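Two complexes are shown next, each including subunit A; its partner changes from subunit B in the first to subunit C in the second.
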Partner chain A sequence: MIKILLTELLGYLLFLVFVYIEEPILVVAFIAAMAIAGITLKKRAGLLLQELEKTYVENIGKVGLIAVMIALTIPFAIMGDSYWLQILNFMMLNAMMALGLNFMTGRAGLICLGYAAFMAIGAYTVGILTLKAGISFWIALPFAGVFASLFGVILGLPALRVKGHYLALVTIAFGLIVQELLLNLESVTGGTNGLIDIPSPHFLGIDMGTTVNFGFMSMTYQANFYYLCLALLVLTTVVIYRFSNSLFGLALNAMREDQLAAQCYGLNLTNYKLLAFAIGAFFGGIAGGVYAAMINFIAPENFGYSLSIIVISMIILGGLDSIPGALVGAFFLTVFPEKFRAFEDYRVMFYGIIIVLCLLFMREGLLPFKHRIFKPKTAARGEEN
Partner chain B sequence: MTIELIVQQILNALGLGIMYALIAVGFTLFFGVIEVVNFAHGEVFMLGAFVALLSGGILTSIGLTMGSVPYFLGILVLVLLTGSIFGILLERFIVRPMRGAPDIMTLLITLGASIITREAVMLFVPNGRNPQPFPKLFDVDSINIGGVLIKPETILCIILSAVLISGLYYIIEKTTFGRYIRATAQDREAAMMMGINVKKVFIITLALGSALGAVAGLMNGLSYGIIKFNMGFAAGIKGFAAAVVGGLGNVYGAIAGGMLLGFLEIFVVSTVPDGSSYQDLISFVIVILCLVFRPAGIFGERAYEKV
Partner chain C sequence: MELLNVENLTIRFGGVVAVNEVSFSLKSGETLGVIGPNGSGKTTLFNLLSGIYQPTSGEIVLAGKATKGMRSDEVFHLGISRTFQNGRLFWNLNVLENIMMGMEEVRNSKLFGSLFGTKKEKIIQEKAIDRAFEIMKIFGTLLTSQAHKASKDLPYADRRRLEICRAIASKPKVILLDEPSAGMDGVETETLMNDLIKVKKAMPDLSIIVVEHDMAFIKGLVDKVMVLDYGKRLAYGSFDAVAKDENVIKAYLGQGDGAC
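Up next, the complex of A and B:
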């Protein structure tokens, strides 16, 4: 317990140091130092790390709880810096998408190269419902998820017939079709101009788009969304975690490894595939909905092919089918590039290089997926269902 | 619609279709022989166009004048070379290390390679972010035959593709090496046991397919007069779509598939009102329908394992 607390606090401290250092040289030195420290630790104190990992895995609930507690204090620790708060908001939205995509692609093995389309659908759902129909954000947000799920099922239908490369082609095509439709259905979506002035949500009578005053310090509106994103991210992680560790998640794994064998064990592949698409898409839709309300402006080019690639590179870096991997991948690939804004142009190339290097040298990612350990408790729960 | 317009559109469709066909042939070769879908194949298309654009300076410095036939041949050779080299590098550094990995990994790594190539061109070619005007290689105006306006570039592209495709046919069907390729495509292990150097077959296949893709890029520059760093993406997707429609692994199917997509695109654009804004959607819709109803392609004889 104390070990978990201490290591998480250490991580928090390192993160704060990273946020506060400004000089690019210092940032590079910091990252290099961290990498070297990580490698030496793994070599010299491998046993210690393994033990720590075991503690983490066994007390996953406590780990999450402490992490959430720490995350709650971040806006204060960075003194309400609106720039960094916004980056963290994007990071959390990306993490939600990475978790959703990871469920589809990592767990169920259904490759999806058009994931940005789900985010677009969620964003436009919230945008259109709040802007044109005047519906409250809180009612529109679930709709964003549900619509994305619906489209996930629609995408899943051809996916029932095809797999592998063909599925990749279908999903790319799907992403492009959604984007083209957003561009061309001008009366509903605003075409190239997109939707402007999407209203900010109100929470307990407070407009979330305004500055908050805590008495001793005031923070820009990003802090409101920070807590909203955090709450949703925690929810997403818990839901995905529960799904992944259920018999349903196991069935998806079986389907990924061998569809024929899975079918022989009596799994209804049609249902499982469609469900995997629906669940994975849902969180993309939610992330899109929050994005629309936070930025107040959406346009089709925000949800292009490159966004899908960025999310893919996150789950590859973190490790396919690994939930902590998706979170860590989203964290690294959102936060690190911000320190190198001078090299903004190289950003997409950086994502490409990450994909290639990870697949060549570190195929399992930073935090590889751990095969589940059979526990009688899980089995008992499965039988009840 | 007048008869002249119809002939005109048929020519356009032929030019477009043959370009898709050249890209699709690469996809189908890679899939048939190496069992890899190369998502970086669209980039070789873009590279071909850019090499043609940038090599002008070199060719004029060795004394070839622009607009002459040797000049064009020089560009063609350079483009073919670039394509082959790109293919060989891809084989060595991307495809070969991934042998034995799950399909999804190979697919993603070629995707990564395509992003790197695309971004590298955008960043390192001077003013690469903006569309580049592609020079007219021949100073000939469009010819007007009975009201049909024929661009010499279109005719050149069609002839060039016909030559290249016949060349490919010759290599695959008539030469010893083509027999190696066919043998490897049929059964890799049996081919190895017969003493065929499968590694070499892989390298040459990638070089061959990529060279054809690069020429398609050159043709795109010639016919449309403008090229951009991200044009490889759409071209790659459409080429892949054409290959799938024709049945992946079937070279002649790929050519037919490319033609089909080209004709359908031009048909929709010229007949449906406001069709041009949906031009890109047509291929995608066709390929999705094709995958749902005829997963082995319209000419597919072999039913590939898909589910």
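Up next, the complex of A and C:
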């Protein structure tokens, strides 16, 4: 318990240091130092790390709770720095997408290279419903998820007939088709111009797009969205965790391992694939919906192929099928590039390099999924001794 | 009453007739051995029985229901489960989970229950784990002691045992074992045959169809034998009758001695 608290606080501290250093050379030095420290720790104190890992795994609920507590303090710790708050908001939206994609691709083995389309569906759902139909954001948001799920099923239907590389191609095509539709259905989507002036949500009568004044201090509007994103990310994580750690999650895992054998053992592949697509897509839709309301402006170019690749690289870096992996992957790949804005043009290349390096040297990612869903009770006791 | 009736089953792949007008039947609790040289259509017969392939003609009737047009998951629900010649376990799942995947409970689990972690769901899970251990006990402690291991980390012979456990976990009416002894040495094969006899004792209503290359292995196990050659049924009857059959001896010439 103390161990968890201390290590998480240490991580928090390092993160704050990272946020505050500006000089690019210092940033590079910091990252290098962290990498070296990580590798030496693994070599010198492997046992200690393993023990720590076990503590974390066994107390996953507490780990999450403490992490959320810490996360609640961030807007104050960075003194309402609107720039960094916005980055963290993007990070959390990315994390929701990574969790959704990870459910499809990591858990169920259904590769998807068009995930950005689900975010687009969610964003346009909220955009159109709030802007053109005047519906409240809070009602529009669930619709964003549901519509994304519907499109997940629409993608799933042709995908039922293909596997592996062909599935990858189908999903790429799907992403492109959705983007084309957004460009061409001008009367509804605004075409290339996109949707402008999407209203900000109101919460308890407060416009979330405005600065909140507490009297003694005021917080930039990004902090409002920070807490919204945090709440949704926690919900997403819990839902994905529950689905993953169940008999349903086990069946999806079996389908990933061997579709033919899974079918011979009674899995109706159609149902399971469509469910995996629908559930995975849902969170992309929610992330998109929040994005639209936060940025107030969306255009088809925001949801291109490169976004799909970015989300995929997050789960590859974190470790396929690993929930903490998806979170950590989203964190690293959103936060690190912000320190290198001078190299903005090379950003997509950076994600490409991450994918290649991971596949070559770190197949299982940073936080591999090792702990099976169901364990024998007796053997588990044996391991503890 | 016959449990399984196979009538003139035929499948064509282009010019190849992999299974050609094959008929046989099986009573509840009976064991049928299927033998034949490489490429004689044994695995293809299993793929037809388990719904992976649809026959060009002919019919399969299980407990009065024709399986024509059914997918393999539907055939499984009728009560046919199988193992695979090359071993198709869920490699990254552990031993326990592989067996659980054979069980009905896994597929009946409700999304709602998973999402809210209901008590009912928890009880189902506990029961499934307990039952998986009961099944593993057929093989003594061989599997129970390794229940937490990923199935890809099992020794070869244990993988075969695990496949059998997974196949019987659904309480099927018929199991199809495709060369369960492939890759095992003589001693291991003998142990396996004894284990299969144990399975039969534990589940007296279970019908088994077992493919083997070598007739000698299945001698004490089977009630009857069918010999396939180029997809055709060459001989069919009791073990002794088939072993004496002239056509069989001719087809097995060169390996004929090994056949009996």
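Just so we're on the same page, the second predicted complex is superposed on the first by the 372 of 385 C-alpha atoms of A that agree within 3 Å, B and C clash if a C-alpha of one lies under 4 Å from a C-alpha of the other, contacts with A are read in each partner's own complex, and residues count from 1 in each chain.
Going forward, a residue touches a chain if its C-beta (ideal position, glycine included) is under 8 Å from a C-beta of that chain, and two chains touch if they have at least 3 such contacts.
Quantities reported herein were computed from a predicted structural model and do not represent experimental measurements.
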* State whether A:Pro158 touches subunit B only (first), subunit C only (second), both chains, or neither. => first
Going by the contact rule set out at the top, does A:Leu150 touch subunit B (first), subunit C (second), both, or neither? neither
Classify the contacts of A:Tyr305 with the two partner chains as first (subunit B alone), second (subunit C alone), both, or neither. first
Of subunit B and subunit C, the partner touching more residues of subunit A is B
Margin query: Looking at A:Val212, would you say it contacts subunit B, subunit C, both, or neither? Reply first, second, both or neither.
Written below: neither
Between subunit B (first) and subunit C (second), which, if any, makes contact with A:Ala261: first, second, both or neither? second
The intersection of the subunit A residues contacting subunit B with those contacting subunit C is 269
The residues of subunit A that touch subunit B in their complex are 105, 109, 111, 113, 157-158, 160-166, 168-170, 172-174, 176-177, 180, 183-184, 259, 269, 305, 309, 312-313, 316, 345-346, 348-349, 351-356, 359-360, 363
Subunit B contacts subunit A in the complex at 31, 37, 39, 94, 97-98, 101, 103-105, 107-109, 111-116, 119-120, 123, 233, 237, 240-241, 244, 248, 277-278, 280-281, 283-285, 287-288, 291-292, 295, 306-307
Note: in the complex, subunit C contacts subunit A through residues 50-52, 71-73, 76-77, 81-82, 84, 88-94, 96-97, 100-102, 104-107, 109, 111, 113-117, 121, 124-125, 128-129, 133, 144, 147-148, 150, 166, 170
Per the touch rule, the subunit A residues reaching subunit C in their complex are 239, 242-243, 246-251, 253-254, 257-258, 260-269, 275, 372-377, 379-380, 383
